[in-house]
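I have a structure I would like to understand better, so I am pasting it below and will then ask my questions one at a time.
Naming follows writing order (A, B and C), and every chain is counted from residue 1.
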Amino acid sequence: MFWQQILNGLTLGSAYILIALGLTMVYGILNLLHFAHGTVYMVGAFSSMVAIIYLKLPFPLAFLLAMVLAGLVGILIERIAYRPLRNAHPINILISGIGITIILENLFRLFFGAQTRPFPNVNLSSKTYGLGNGLSITNFQIYILVTAVVLVGLLQILIKRTKVGTALVATSQDMKAAKLMGIDINRMVALTFFLGSALAAAAGTLVALYFNAIYPTMGSMPGLKAFSVVVLGGLGSIPGTIIGGLFLGVIESLGAGYVQTVIDANAIAFVILILVLLIKPTGLFGKKIEKV
Amino acid sequence: MDSILNPYYLGIVVIVGIYVILALGLNIVTGFAGQVSLGHAAFYAIGAYTSAILSLQGHLIFWLALPAAAIVTWCTGIVLGLPSLRVKEDFLAIVTLGLGLIFQSLANNLKITGGALGLGSIPQPELFGEPMSNFSFAVMTWLFVALAAFVAWRALNSRVGRAWLAIREDELVADALGVNTTRLKVLAFALGALYAGVAGSLFAHYTTFISADSFGFNESATILSMIVLGGLGSIPGAVTGAILLALAPEVLRPLADYRMLIYGLLLVILMRYRPQGLFGRSKAIRDRYAKKWLKKGGPKHEAAGNRKTH
Amino acid sequence: MRLLETEKLTKTFGGLTAVSQVDMHVDSGEILGLIGPNGAGKTTFFNLISGLYQPTAGEIIFQNQRVHGFKGYQMAEAGIARTFQNIRLLSSLSVLENVLLGSYTRGKAGLWGAILKGKRVRDEEKRVRQESMEQLELVGLQDYAHQPAGVLSYGQQRKLEIARALAIYPALLLLDEPTAGMNAEEVEEIMSLVRYLKSHNKTIVLIEHNMHLVMNLCERLIVFDHGEKVASGSPQEIQTNPLVIEAYLGKEGDDE
């Protein structure tokens, strides 16, 4: 039972990581809390659904198309809601993001209705594999775990091994210096939003498949929880986010399995977050900042 | 007379008033003291539930339940503010967001709050032994609004208010000038919470039914939008912003399904074209002043000053 | 009389030592100058004795009291006021409000007092307003009292910072480059202001690059280099100290 909860937690944590990485990267480069990120996750799930039902694409292609589409939506959000406000007060940016969330959720509600839809039939049925000792894993869980590992790996390669990646890191470390070195800042920002949004779309599609549910507000809770992952990891640190995501997934899974709940599983993330910040106000991996 | 004073319109008047109180409270926290809270609805919930539970189970009359709710939220504000306000800016935004979700979740699960079913049959207030009419409830609500605005104004124009502004503008300078910033931030948090407690109590006894759905993140985000729309730190701004955004869903009602879509659009457009809000001091003006003295030679003169050492 | 004393005061950031084992003291009523090249640790030293940084090691003794671990507001309450090298006014508040903030430690009105606004609170408010106007008159900014602080010229902003610090009625005033960016006339004004304050028994420690001012105003100088105190003495002694000339003036040449 305990190990089963750990396994479930790691699956859940992998999904959190995929969502939270976008927030981390955006925060890393613009110091901005991207409140519309959760809706991108929803957009990803809906895009997959549309691609499967209307374009009759096989699941893997639909999945990739959804990532690209959501990536473009991410770029668009930055253009419309954040770029004009780059020097504005953080609260303005936050509310602009909330505005985008309201717009997107309601657009999708108008098009697809508010009800929860099942994920379209993609000839994938849930299978459960026994791992001995009463431990078992479903194929959907495997998809989530494998996808997370692959995508995080690809992201690391992109960041560490490519020229674009180096430019991206340079921009997030020192925007002014990067600009002086001839790096096109706006392209880097767009790239960040594209990558982060694509990862969120991947998570949205897989989670929708796993729970067999798609609805316009499906992104709001994962989006908010992803913030607690990001803050746990120390705001802006990719390794921190990965560990924060797994940590949270496992704790949440154990909490939901063991504790007679007085609060929803959703709120556990924030209880953990607040407890951690009480001990370390800059998150698990945050640096102590002292400046005058 | 009946048409103007019909229950539907009076209901809107009451709800708008409740939002004004909520906005005035958050304006103290975020507008005066500069501490972003995304969980203001938690205190709204605590006020509403406290008042409702005291009336339902403690058989307390409204006139005692409301101040009790205010005291409870004030204390909760201190208890939650002390640890939360150790973290800053973006961290604080997320922590308060978390507090909001935790309290909503508690309301949804605890037995005393009625769980997901919520609490019903909350008694309506009585005045001189008679149940209060919708009209007198509306009048009472707006008397509370007036009191809330007055208290905020007095607080702002005082030693405490100046310390809040100093924290908002430059926390380090406030510290160097002798302001115990933690204490003052918690004080702002507690006062904002108290306002929310009063608003919650009014809400509970007006609608006579409350459930966790009324106190989610959306509520917190709406209240924050109200004060940003009005202009952070401005009392008339908070009042106007709250009235406009609380009325918006009613005014946009004919647009039916497009209502929320337009609401979202409005937020994005406003942030882009009037970020300082309706009553806010324009940042553009401040920047112009800043440029003016920079041109007179901030950094340039500094270099000259260094050279004088030879 | 010793007003302030530091013993082996040290501050490190990560591996970098910004202030290293500094022993110094300030006597009541004197004007002490801290000089040294940029990055020598002077401002960090100010941040330590004004409580904005916590020392890594060492002691601070103020008015015979160990003030170890005091935060900025506690240092202000104890009577240490300061200005900032990179002017930090609250630019959207009025000039008068900035000075009123300086009088924060001298007020008592709490939140509920302010809301009820009884006679005591009204009297206090009246008193601090009056006193704040006096501080403004001292630095010649009384006519700007109700303008936003952001509209002042650079030199005026520096003076406003001094007025704000004076409103604390400090036992010790720390001025961080009070004449940086000022023209010759404004520098003279600051010098006569400092002389006036001295004649009223104020104790002042100032960081300054303007040697004309330093040599004419300060009774004693301490030279910092690489976070360490490398010399101290009267202006005449410092001027002829070969160590100082090498460490300080030599380094200054590299900067340009």
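In this text, contacts are C-beta pairs under 8 Å (C-beta built on N, C-alpha and C of every residue); 3 or more make two chains touch, one makes a residue touch a chain.
All values reported here derive from a predicted model rather than from experimental measurement.
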item: Farthest-lying chain, centroid of Cα atoms versus that of chain C; value: A
item: Centrality ranking, top chain (CA atoms only); value: B
item: Whole-Å gap between the CA centroids of chain B and chain C; value: 38
item: Distance from the mean Cα position of chain C to that of chain A, given in whole angstrom; value: 48
item: Averaged-CA centre spacing for the pair chain B and chain A, given as whole angstrom; value: 30
item: Numbers and ranges of chain A residues touching at least 2 other chains; value: 292
item: Residues within chain C bordering two or more other chains; value: 52, 84
item: Residues of chain B touching at least two other chains; value: 172
item: In the complex, chain A residues that touch chain B; value: 27, 31, 33, 80-81, 84-85, 88-96, 98-103, 105-107, 109-110, 220, 224, 227-228, 230-231, 235, 261-264, 266-267, 269-271, 273-274, 277-278, 281-283, 292
item: Chain C residues touching chain B - in the complex, by the definition given at the top; value: 38, 50-52, 71-73, 75-77, 81-82, 84, 88, 90-93, 97, 100-102, 104-105, 107, 109-111, 114-115, 117, 121, 124-125, 128, 148, 150-154, 157, 164, 168, 177, 179-183, 209-212, 249, 252, 255-256
item: Touch list for chain B against partner chain A, complex; value: 30, 36, 38, 83-84, 86-91, 93-95, 97-99, 101-102, 104-106, 108-110, 172, 217, 221, 224-225, 228, 232, 257-258, 260-261, 263-268, 271-272, 275, 283
item: Residue ranges of chain B in contact with chain C within the complex; value: 151, 154-155, 158-163, 165-166, 169-170, 172-181, 187, 191, 281, 286, 289-290, 292-293, 296-298, 301-302, 304-310
